[in-house]
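First, the structure itself, so that you have it in front of you.
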Amino acid sequence: MTALISWLVLPLFAALAAIALPSRARLPAALLGVGLTVVASIWLTIEVWNTGAVTVSLGGWRPPIGIALRADGLGAALGVMTALVMVAVALAARHELAAKVAGPRIGFGFWPLMLLLWAALNAVYVARDLFNLYVGLELITLTAVALVAISGKAAAIAAALRYLLFALAGSLLYLAGVVLTYAAHGTLDISLLAARTVAPGDALALGLMTAGLLVKTALFPFHVWLPPAHSAAPAPASALLSALVPKASLLILLRIWFEAMPELATPMTQSALASLGALAVIWGGVLALLQSRLKLIVAYSTVAQLGYIFLVFPLAGGDGAAQPWAAGAWTGAIFQMLAHGLAKAAMFLAAGIYIAAIGSDRLGDMRGLARALPMTGFAFALASITLLGLPPSAGFTAKYLMMTAAFASGQWAWALVPAGGGLLAAAYLYRPLSAIFARDTALTPRPIPWAWQTVPLVLAALSVALGLLSSIPFEFLQIGRPEQAAEGL
Amino acid sequence: MNLTVFALTGAALVGLGVYGLIARVHMLRRIMAFNLIGSGLFLFFGAAGARGVGLDPIPQALIITGIVVALSASALAVGLVVALARSSGTACLPDEAGDT
Amino acid sequence: MSLVLDMALCALILGVGLATVAGHGVFRAVIFFITYGLLLAIGWARLGAYDVALAEAAISAGLTGVLLLAAHGRLRRLRAAEEAPLRPNLPAALVATGIALALGWAWFALPDPTAPDLTAALPQSGVGNPVTAVLLNFRAWDTLLEAIILLAALIGLWMLARDRAWDNPLGLRYHARAGGVMASFGRVLPPIGLIFGIYLVWAGAEMTGGAFQGGTVLAAVCLVSIMADVLPAPRIAQPAWRLALVFGPGVFLLSGVAGAVFAQGFLALPPELAKPAIVTIEAALTLSIAVTLVLLVIGPPDEGGQDA
Amino acid sequence: MSMMYSGSLAPFAVLMWPLLLGLVPIVPRWRANALRLLPFAPLPALGFAIAGAPGSVEIPDLLLGVQLGTRPDTALLLGMTALVWTVAGWYAAQVMERGQAAGLFASFWCLTLAGNLGVFLAADIVTFYIAFAAVSLAAWPMVIHDRTRAALAAGRVYITLAVVGEAALLSGLMIGAAAAADLQISTVRAAFADAPFGTVGVGLLIAGFGIKAGMVPLHIWLPLAHPAAPVAGSAVLSGAIVKAGLIGMVLLVPEETGWRSMLIVLGLLGAFGAAIWGLSQQNPKAVLAYSTVSQMGLLLVLVGAGSQGVAYAALHHGLAKAALFLCVGMMMLATSAAQRRAVVGLAGLVALSVAGLPLTGGALAKLAGKLGIGEMLSLAITLSSVTTTLVLGWFLICLGRVSAKPQQTPHWGGLFSVVMVLGVLALILPWVLWPGAVDVPRDYVWHPSNMLEGLWPVLAGLGAVALVQRLKLPAYPPGDLLRLFGKHKLRPAFQLPVGNHGARRTKRPALRLLLKVKDAERALLHWPFAGSTLMGLALVLAAFVWIAT
Amino acid sequence: MTTTLPLLLLMTSLLPAAVTFFLAQDSHILRNTLQLGGAVIKLGLIVWMLFAVATGATYEAEFPLAPGLVILLRIDALALLFISLSGALWLLTTIYAIAYFGTKAELSRFFGFFSLCVAATTGLALSGSLISFFIFFELLTLSTWPLVAHKQNKPSLAAAKVYFTYALPGSAALLWAIIWLESATGPVLFTEPPDLSGLDPAALRAIFALFIIGVGVKAALVPLHGWLPAAMAAPAPVSALLHAVAVVKAGAFGVVRIVYDVFGAENMTALGVGVPLAIVASVTIVWGSFRALQQDEIKKRLAFSTVSQVSYIVLGAALASPLAMIGGLVHLVHQGLMKITLFFCAGIYDERAGIKRIEGLNGMGKQMPWTSACFSIGAMGMIGLPPLAGFISKFYLGLGAMEAGAPWVLAVLLASTLLNAAYFLPLLYRLWFLPRAEDARGDERASGLVLPAVVTAAATLGVGLLAASPISPLGWATLIVTQGYGP
């Protein structure tokens, strides 16, 4: 429990310190906060591993009066992934967004925003209360929008405003669902809701919440805000936005559909969600193929990669949750979240290095950068492997688990999505890779510190290592899973 | 019965707000529409919370929190609109700027 | 009778809401919006939710209104305040009607009300106002995050400043004419407002009121003082302002952690200490909320009094 | 591991020796003089054959299990082959130009020789096939050794047919071996009768061997290659190498098959047709080549008819034909009229023997061949003597027209005597070998009817020669069927069609579609659209859930 | 020892790969020592295991990733056959590559991926389950791509792109097939063929087709072969690796595994998929040869020749008869030896004499006798001339075809032999019999290049000559088949 609480409050304290402290103490305080939070997240993971899901009723008030938090395998795993990404981003931002380089405004603002985002993510990962989730989601939205706008460019402002517009619409829809749920059941606690008697309005509440969360998750066709926003932000911010932010709303979707209202998950709606996911895979892939800027490619790839995860609804949701393959499908989807988080962050940080080196992320300008920055090129390639779903990366584990579940459940058509999506990913990632690894160089890069270069490499390597060592994470993710299927396929 | 009036008013306000949010182009309008939807929802919520024996304080607390959240979002949105206008001369999204 | 009254009120609210959405001109819409907020506050009062009514009036109508007015002023100077007339949008109308009807249907489909039983918990909460009990004790985590959101919005807003203006005082330059209405208003109002604000916080524990409502009043006071040049315009670089920003959330967090260390858990308040603790937290929060709201309204630092 | 081998290593050594000698030219310093080794390469084999080809050997680890050994008919041919190669090797060593190219020539000479010997020694089909491939393919460099246009063109036809033959042969062998589940030649041969696709297999074998044996119409390489090759090469080609095809037929084509009658038909066609066509040639080597086709035709008739004297007859033909080719070479080297007379004399004698003049080796060969093959075929063979006499007479005429090279050859006398030995052996050796090879007592030769049967065709042939000498015969270049049927230009080099793999321009509607996607993305970005869709989706999702539950 | 040995085997290439990536460009000695050391140690391990496995020992190592996702490394006779080939050829190719590149740029990258590629091949050979096979199969794709693109010029980048374009859909098909099958049968281990009785035959046929498409891309089955000729833009050592050591071999090896260890001959017959596969292989054999005939670039001609030759292995597997199986398996080794010889030589011609097109070969036999002799042996082996390696394979394939009652295969072999002769003999003819162009200069005084070619050429001859001995590839293939491998 202590681990859980410190994991929640440490980034908050660090954020407050970063706001309040004078500029010379800001970075050390922020980095200290990052370090301590990482320790806390590892501590929490160990605790969850040892004792199972950790549940806390805040203030000693049990739901429905108070708010409960529960760190299960899923939440803790996302927490660790977040911690890894945050450390990487912090290390990269130390170079890229230092006040000396990026100006005092960014030098001031980035750290509290990052830490607040972290706190909000952590809060969402363990929240069991739908309204508390709403508050957490709003904090994420506001910090994320601010991070988009932080570069100060006109395009960034417009992208941030558009993002905010979409996100607020989503928030309202979600809030509407929350309102209806409380009005009908007098509680917002997920565990209590799971035991409720179904009310007629629940369908509307579920529909509204789902639609709202879909916008925030940037599922096709509501993904349009994402590519401009993620590509307009400075690279470390993009890494946070792409790797982590959509995962929060996605997690809430999972919580609602699998834990709070599993009985409302019918094949038709599940298929509808998965169809949108499939469309996202195709649409995001095709558009990524059409981009000529690295960050836009990577951003559209996020649209595509998030699409896979929606296959979890028909494969592990509703009545299927009790089936033997559900564990595989569920875990596969979460592996995809984790793998995508690590790999995408690596990619954006690599893009950041390239932009710092040559001042551009146009593919034409990036030709031959692997020569001067081999580690970054290697990192990008490794991350690509994960996104392509090639073994032995975690992306492959995810794909494999989901495809296996698709076949085992007799819904083999869904297996086409990861299979085809991998090919599309290969197509759109091939272009940046071939540019980076070209023989001729377009521009002479500025030297980049070695310590900075290793950051994306380590992240990308982690995304592969997660696949190599996937048995422990697999088991970990089963902790506190709603339907305990003993063994996967 | 009184509660129904407020609840339906809330629902209608949501509808109004949704229309405004979608159909209006100026971003300040959309911020107002957003607040309209929010307050409509809260009205509905408040009416629902008042159905029981006493006034349920939890919806009220949630509504107050919601109002502050909406204010925060509005403040950031307003700031963004001004910044947008400063950098591009319009308070509408770039692809809708021509509609003005 | 009361039904007729309520229906009339609701019709008025809807009418003003419609005017806000459909009326001509952004400025008029803002005015309608403020009116709408005030009418809604009356509605809340009719429902008996006085805390909400106060919040609605102070925050939704008041502060949001001021924000919108200030923004409109800036946009006008940037020549971005004009807008195209409303063009009928059939899909939007359809989905809007659909959502409204769905919500309306949902109202009638609601099962019998079930509310959590707070009777046992309230005495333990340390405060008499159940809303405050929920806000600062039962669901203190929400409130803490809410305060953080406010702060995040402010940091976000600051990020919209231009780099070269970063060290400037916050907001636009206001110069009240010496001896003018604003100047004298600015000298008279603050003390009264200050007292009212502090009262609201204190009263919040037992009756209507609370940190957010009180903070709003204090913010208004503060704003007037700044406009009247009573208070100097703040700068981001000034540590006192930043300290004031984080003070409330910091105290809240610390007390939460103290609960984890000394009481039964994070954010836990032992019943005997609950009231003083809540009042302390509220006081600190009020200060920070007031400062945050002030800074939100005056906006990011601006360049030399010119917007362009 | 079992024993490395079982039996006597002699047959193996006989094969290995030329292979080892063939490696000598790898050393650059030895390359120039490698030709000197050629007469020694076949000597062990010769000795082995003279000793009666004693012993056989099995080496299980080598290849797919090498088995070597002879039977009476292969032993005969082994000896003949060794003899022909010895003499031709001697000739080559004396006459051919030394140098770098000679080293290559010597290597292939030895390899071909090993193959040629191997064909007779092999007792399993893999060894046999390998030997056959060696004798076929390694002879190619000998054919094109002179690098003249004609040689290169001939080489092209030769190698093409050789490869086709190899492939056909291999396929046929595999059909047989699969049925036999064994690799021994006798077993495989016996298995064809009941093998699935056995008939096809035999047909493939006949095609493969027929190419080598100059069976019409697969003989086309032969009249091209013989004149083009150096004399020594022609001698072994005509004398020994073609016999590889023949022995293949004998060893592997089973008796009870319809293919045999085809062999007879094709053999007769070759026997008469080639002899007559030979009259159209001016080059004595070309005439001899057609004679070879003709003689091989006769031997094929014997194979087809199941004669016991095939090897015996082939032995004579090999010696005689090699001697005749060498005579052409001697003629080219002859500088004096006496020398020319001696050459023509020797050639005439050998030619008469080939024609079957009584009491010559050739007459004995024909008599032995005709034993037990039926009246009609006997008559045909007797008649063939007429054409043989005719074509060889024509050969002698052409031989007489050969003009000598200007330079002196120091050892002409010695060389000629060696050739003479070969020619004489062709006349005599059948006498010596008759008792062992033919079941009938040697007195059969003296039988008047047999004498008469041998004499009249020769006389008739000689008359025809006299006639032909007066006529002005049409002159064609060698390569009968190729020129008759194909508009086939004989090209010296391989010129293969090169594919046109230029970049194909494809219209790409897919690209246009992709750009449409970009437009669609812009439409999705438009908030009024996105907002309506979003709210709509919320309602639709709700409706979905509502309907389903 | 039983678990560490497979790991060790993998590590002998993986570790050099890992270290090499981080070596500086100019630390030649260290890099070469690493590469050669790894290769030599690996070969030593292989030799040791050859004896152990021949006496019946098996080695196994297992790493579970996730449920159903288990990497199983297992050394059986078939694995050892492939691994011996790749191990031996890796050593030679390394020597060759060191000599070939000298001190050129980007060597650490090259050798890193080179070793990685071999590690992937090793893993692939050792894979004891379908999913481990797939994992290494993919690793192979990935590690080969940078090798193909190594020159980083337009053609090689285009080639690398084409390679990916073919390889990835192939992988997708393979993964699809694996998951489809395993969703019905559970994880498939090669030691215990899955029980397919419960599956719909139509589904099984589809799975089989997907499997073949998946591995067929690597095995360059027509029409999935397009990448292979394009990949000749890569440097010669890479071509050697692609064509002989790793990639196409992995595909062919995959076909063998799938046919015999996943489906089994009985099921193949029952499903009626053997004949279609044999037909595909036959079409590939003929078409590849035919296309080779049209090429006038040496390496392109060799590439199409590989297309054709590798399908012999597929053909052997498809025919589902013991003899054909032996032929196919032995060709796995034989084709490797012959093709690597040819590519070594093609590389020498290119590097030392600037010869890329077949016209350039005119008269080079005397200039570069060793190279040309090796090239000739390789080419003659390809044609199937006895007693070279190719003949043995072809002979067994032919016998197997008859055994399987598919005499039409003989016609394919016949046609292939003729076509092979048609495109190889002219090269030999040019080498040895045509006069040299005036300005043609070749210098083969580069023992690091020539020696590997000589060794493989000698091996090409040796494995044919000593085919029947139990230690020959043929002996080993026979052992595999008689150990209950085939039907």
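First chain written, first letter: the chains are A, B, C, D and E, and each begins at residue 1.
Quick note on the criterion: a residue touches a chain if its C-beta (ideal position, glycine included) is under 8 Å from a C-beta of that chain, and two chains touch if they have at least 3 such contacts.
Source: prediction; values computed, not measured.
Engineer: Starting at subunit A, how many touching-chain steps does it take at least to reach subunit B?
Structural biologist: Minimum step count, subunit A to subunit B: 1.
Engineer: Among the remaining chains, which ones contact both subunit B and subunit D?
Structural biologist: Both-contact set = A, C.
Engineer: What is the minimum number of touch steps required to go from subunit B to subunit C?
Structural biologist: When the steps are counted carefully, the minimum from subunit B to subunit C is 1.
Engineer: Which chain has its Cα centroid closest to the overall Cα centroid?
Structural biologist: Looking at where each chain's C-alpha mean falls, the closest to the middle is E.
Engineer: Measuring between Cα centroids, which chain is at the maximum distance from subunit A?
Structural biologist: Relative to subunit A, the chain with the farthest C-alpha centre is D.
Engineer: Name the chain whose C-alpha centroid is farthest from the C-alpha centroid of subunit E.
Structural biologist: Taking each chain's C-alpha mean as its centre, the farthest from subunit E is C.
Engineer: Whole-Å distance, subunit C centre to subunit E centre, using C-alpha means?
Structural biologist: 73
Engineer: Roughly how many whole angstrom separate the Cα centroids of subunit D and subunit E?
Structural biologist: 36
Engineer: Would you kindly tell me how far, in whole Å, the mean C-alpha position of subunit E lies from that of subunit B?
Structural biologist: Comparing mean C-alpha positions, subunit E is 67 Å from subunit B.
Engineer: When the centre of a chain is set as the mean of its C-alpha atoms, what distance in Å lies between subunit C and subunit D?
Structural biologist: It comes to 107 Å between the two C-alpha centres.
Engineer: Considering subunit B alone, which of its residues make contact with at least two other chains?
Structural biologist: Residues 14, 18, 21-23, 42, 44, 48-49, 56, 58, 62, 65, 69, 72-73, 76, 80-81, 83, 93.
Engineer: Which residues belonging to subunit C are in contact with no fewer than two other chains?
Structural biologist: Correct list: 89, 91-92, 95-96, 99, 102-103, 110, 113-116, 118, 138-139, 142, 146, 149, 152-153, 156-157, 160.
Engineer: List, in ascending order, every residue of subunit E touching at least 2 other chains.
Structural biologist: none
Engineer: Who touches whom among the chains?
Structural biologist: Listed by label, chains in contact pair as A-B, A-C, A-D, A-E, B-C, B-D, C-D, D-E.
Engineer: Within the complex, which stretch of subunit E touches subunit A?
Structural biologist: 21, 64-69, 71, 109, 131, 134-135, 138-139, 141-142, 146, 149, 151-153, 157, 160-161, 164, 168-169, 171-172, 175-176, 179-180, 182-184, 186
Engineer: So in the complex, the part of subunit D that touches subunit A is made up of which residues?
Structural biologist: 514-515, 517-518, 521, 524-525, 527, 530-531, 533-535, 537-549
Engineer: Considering the complex alone, what residue numbers of subunit A touch subunit D?
Structural biologist: 162, 165-166, 169-170, 173, 198, 200, 202-208, 210-212, 214-215, 221-225, 263-264, 266-269, 272, 283, 286-287, 289-290
Engineer: Inside the complex, what are the residues of subunit D that reach subunit B?
Structural biologist: Its residues touching subunit B are 522, 525-528, 531-532, 535.
Engineer: Which of the residues in subunit A end up touching subunit C in this complex?
Structural biologist: The contact residues of subunit A facing subunit C are 1-2, 5, 8-9, 12-13, 15-17, 19-20, 22, 56-61, 64-67, 103-106, 108-109, 112-113, 116, 119-120, 123, 129, 131-132, 135-136, 138-139, 142-143, 145-146, 149-150, 152, 157, 176, 180, 183-187, 197, 199-201, 204-205.
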